[in-house]
Structure formats: C-alpha cells, structure tokens
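Paired with chain B in one complex and with chain C in the other, chain A is shared by the two complexes that follow.
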Partner chain A sequence: MSNARLETRIWALQRATAAVLAFCVFVHLGMIIYAVQDGLSAAEIISRISGNLAWLAFYAVFIVAVALHAPIGIRVILNEMTNLSRKQTHLIMAALCLIILVMGFRAIIGLYTAGAGA
Partner chain B sequence: MTNTIKVSVWRGAEEGEFAQYEVPRQPSQTVLDVITYIQRHIDPTLSYRFACRVGVCGSCAMTVNGKPRWTCRTHVDKVALDGTLQVAPLRNLEVVKDLACDMTTFFDKMNRAEGKFHPTKSRDDDFDFVLPDDAKRKQASAGIECIGCGVCYAACDIVEWNKDYLGPAALNRAWTLVNDVRDGGNDERLAAVSGDAGCHACHSQQGCVEHCPKHISPTRAIAGLKRATVKAAIKGMLGGDD
Partner chain C sequence: MKTGAHRNHPHYWAFLLHRGSGILLTLFLPAHFYVLGLAIEKTATMDGFLSWSATPLAKIAETALVILLAAHLTGGLRLMALEFFGTRESSKIAVCVGAGIALVTGLIFLLNGT
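Up next is the complex of A and B:
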C-alpha cells in the first residue's frame, strides 16, 4: 500500500484539527450564548470583532481547522458511499478546503475591517 | 414452548430465496441442531458448515435473525422469542451455497495485514522473557483468543462499504503481533494496516465488539494500531511515497 504514509498523515491531521475544533466550538458557542442575552444585532457583532486582533486570530485558527477537518471527512464519506475514484474524491477534498478557506477568511476579514472609518 | 418452530433458511448462492421449514422443538436445542435436523430429516441438499459443535472451531457462524452468531452456541429459546427463526449465511462474504460462505477473502486479509509471525531469533538464541503483567503482553493477550470465525467481519459496516477494508479480525491479529516482543515484522505490518483499507478506515462503531463470541474488542486493537501508525508516520516510516 504505497499511500500508507500519506493516508496516515491525513488521518492524523483530521484528529489533530478535531482537538482544535473542540476548543474553538466551545468558545464559539459560549460566545453565542453570551452575545444573545441582549438580542443579536449586526452592529453588536461588528462592534465586538471589528479591529479586535484576538478575535481575528481566534477565527483564523477556527477557519483553518474547519477547512482541514471537514473536507477530509467528506472524502471518507464519498469514498465509502459513491463510486467516485480516489483521485476524484481527493480533488473534491482539496476544492472544499479552498472554498471554506476563501469563504471563511472573506467573512472574518470583512468583520474585522467593518466599521473601520465608521 | 410450542412443539415446533418455524424456520426460514437461505437457499441458493448470491441469488436465492428463503425456504420455510418446520422443525420439532427440543430442550436446550441450538440453532445448529435445527439446521442439522433440516439437513438430516427434511432436505439433504441443504449445505452448511460446522465442525466441533462446541464453540471451539468457529466454522458454524451464520446470520441468525439478522445477527451474526455461532449457531452451535446459540440456543433457540434465546433468539426465537416469537417462535420463528431466520438463518442466512454470514454477511460480507461470498456465498458458496445456502449457508456456507467462501472465507478466502477473510483469511487473505489476515495475510495482507501481516498477521503472521516474523521470527527474529534462531534456535541457538535464548528465550525472550515475557512477563504476564507486561503492558505489551496484556495488549496481546486481549486479542489473542480470536479463532477466525468471521462474525466480526460480518458485523462490520465498513467492510460492506469498502470491499478492500481489512476488517476487524485481521487488524486485531496484526495488533497482537505488534505487541509481540519476539516479532520483527512491525515496519511492514504497520505499513500494511495503514490507509483507507486499513485501521484508519474504522469508524469505531463497535459492531465487531458487540457481536464477538469471544468478547474480544477489535475496536481497541484498531485504536492501538491508529496510534502506532501515526507514531511510525511521524518518524517517516510506513514506506509511503507521498
């Protein structure tokens, strides 16, 4: 099995990002519960995140972890449940990773810079 | 207890159908007794496999009322709660005829997982001292009672989804050897059990653990292999060309 090392590393990467996600989701849910106490508004979200480097760093880590973790899992499901070739599911994994990275960073950079100059 | 039991038995190979039989009830009757009665008294063309009849050989494993079991160790009154039995061949294996499966793939996968001993010493060397409470010995002991009946293999959904997947028994066997200090084949073995047909394909659903008649936990063995292979991959082993 010539792909043994690569597959093992992909699996380990999914495990490692799962650990990161466990922490990130905990913080994220905690923040949601805290934030909705006085109702949820766009202005409030922007006021919290805009210009805040700590939140930018936190969500950057979150996005990277999701972008690595989820596509690996989707690839496994596609390998098990469809007739797509390994190469195809590999490409789908890479494409999903890229889409999540672009969408995620677009959102968080948008929030970080929103309100700047307002 | 009624005097007879209604039994539907798979007849044919991959294509086939369930045939209905009525078999007299006996005290302490096993499912294997029922199948044997059908073959001896109703239809001698019924094919099935058994040898020891006492839970030692593992050759009489079949699907009884939807679950993989040793038929010799399954009492009718424990499983035929509504007075009916359905007996089919083991899942995930090619059916030869009726209740007999071709176990070739199952045993080939034991070899593919390097489930064989790689000796490191000659007769001139001294014995290895393996203490019973040694951590590795305990890991090996936990899985070493497997008799290769194929019940875990039939219970595993991953085997059904991924025909190349080595399966619980082969991986459990590999893990017992990984923990054998006398064995020298771990580089090849860890490479053989890695990847999407190996231990990393396991979702830890534990169907194997649930159904193993020897109460072995292949899931625990597979988790051990996952740890060992990740360590090996970090060290640059596993012989991959990535």
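Up next is the complex of A and C:
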C-alpha cells in the first residue's frame, strides 16, 4: 500500500472513530455528572457495571474507538513536532493502542465480572 | 504579516486547546484504567483514592479533566463540521459555543459532586 493511501485510511479511521467517540463521550460525561451526585465508591461503580451487558458493550465500543483515535492523534503531533521517523511514530502508535486496549479491557471485564461470585 | 499575528485568531487557540487536551487525556487514560482496575481486587485502596479525590485540590484537577474532555468533544465536532461541511463563516462562533459548553459541563460536574 502506498504511503498516501495509508495516510488517507488512517485519517478516515480517526474521523470515523471521532464520530463514535462523540456519542460515547456525551454519554460518559452524563454518567460522570450523574454518578458523582451521591459520591463515588468502589462498591457503587461495581454495582452499576457488574453483570450489566449494555454497559459492557458500551464501554467495549468506547475503549476500541479511543484505542484507535488517541494513538493516531499522538502520531500526527509527533510527525509534526519531532524528528522521529515514520516507522518510529508507527511503532509508538501501535504500542499506545495496545496499552489502551489491554488496560481498558482488563478494567471493564473485571468490573463486569466483579459481582459474579457473590 | 506581523510575526505571531495568528495567535490573535480564535482558530489558533481552538487548535492549541484541541491538541493540548488530546495529549493530556491520552496521558490520563492509563491512570484512569489503573484506578478502575483497583475496584476489582483492592476496593479499600480504591475507596481511599476516591476519598482523596474529594479534597479541594483533587476536585479542581477532576473538574479540569471534565472541561478538557468536553472541550475536546466540542473542538472535534467543530473540526469535523469544518472538514465535511465547510462551515467557515460561523466557525468563530462555534469556537466560542464549544468553549462555553465545555466550561458549563465542568461547572455542572463541580456543583453536582458531593
């Protein structure tokens, strides 16, 4: 695949994930404002997400979208503001994507299954 | 053109805010996921952290994060509107409206928390 074609696909992917994230962030902000009303606790967070398939699906989409969107944005900034090579910025992008995916899914799957044994 | 004249333009500040908020939010994500992970195995540690997060300094930092998230959202919507619909005439207003929405979101968060 040519560089120009790849760059176009990466640009399109960032815009597509931005559209998904616009919805996810809107819902997430609403949830944050609602959840802090009575104070946050680990038990409250677990009770909200544990066993709730709808929240699991929502946060799974959220994590995948942010794991694609954020590293692409960081790569654009690194390409413009540093002397790193294209290969190096691609590697940083891939590593960041992997970190977000692993940490994000570890947290959300843990919260979803947290009350299962209780 | 006078050097630095672009800094007087709202689009320049919107561009800077979008990039800055994007970098800060990306750096915050691993910490956010780590704390959420604590809810599963170390609930006492997490509750200790959540108690600390109710202190005034932490509350200011949390409010700043909420404003950054809302600003990145409105800034991103403005950017996509510019790219896909070419709404250049009204984009200065969009910068102000986006900033206003972000600040109001932060205030609602601050006033709503206990």
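Just a few scattered comments:
We adopt the following convention: the second predicted complex is superposed on the first by the 116 of 118 C-alpha atoms of A that agree within 3 Å, B and C clash if a C-alpha of one lies under 4 Å from a C-alpha of the other, contacts with A are read in each partner's own complex, and residues count from 1 in each chain.
Operating definition for what follows: contacts are C-beta pairs under 8 Å (C-beta built on N, C-alpha and C of every residue); 3 or more make two chains touch, one makes a residue touch a chain.
Treat the numbers as computed from the prediction; the structure is a model and nothing was measured.
Applying the stated contact rule after C-alpha superposition, one finds that A:Arg106 touches chain C and leaves chain B untouched. After overlaying the two complexes on the shared chain, residue contacts for A:Ala12 are found with chain B alone; chain C is out of touch. Which of chain B and chain C touches more residues of chain A is settled by the count: it is C.
Once both structures are placed on chain A, chain A residues 15 are touched by chain B and, in the other complex, by chain C.
Residue ranges on chain C touching chain A, taken from their complex, read 19, 22-23, 25-26, 29-30, 33-34, 36-41, 43, 46-47, 50, 53-54, 66, 69-70, 72-73, 76-77, 80, 83, 105, 108-109, 112-114.
Note for the complex: chain B touches chain A at residues 158, 161-162, 190-192, 194-198, 200-201, 226, 229-230, 232-234, 236-242.
Listed in rising order, the residues of chain A touching chain C in the complex are 15, 18-19, 21-22, 25-26, 28-29, 32-33, 36-43, 45-46, 66, 70-71, 73-74, 77, 96, 99-100, 103-104, 106-108, 110-111, 114. Remark: chain A residues 1-9, 11-12, 15, 76, 79-81, 86 touch chain B in the complex.
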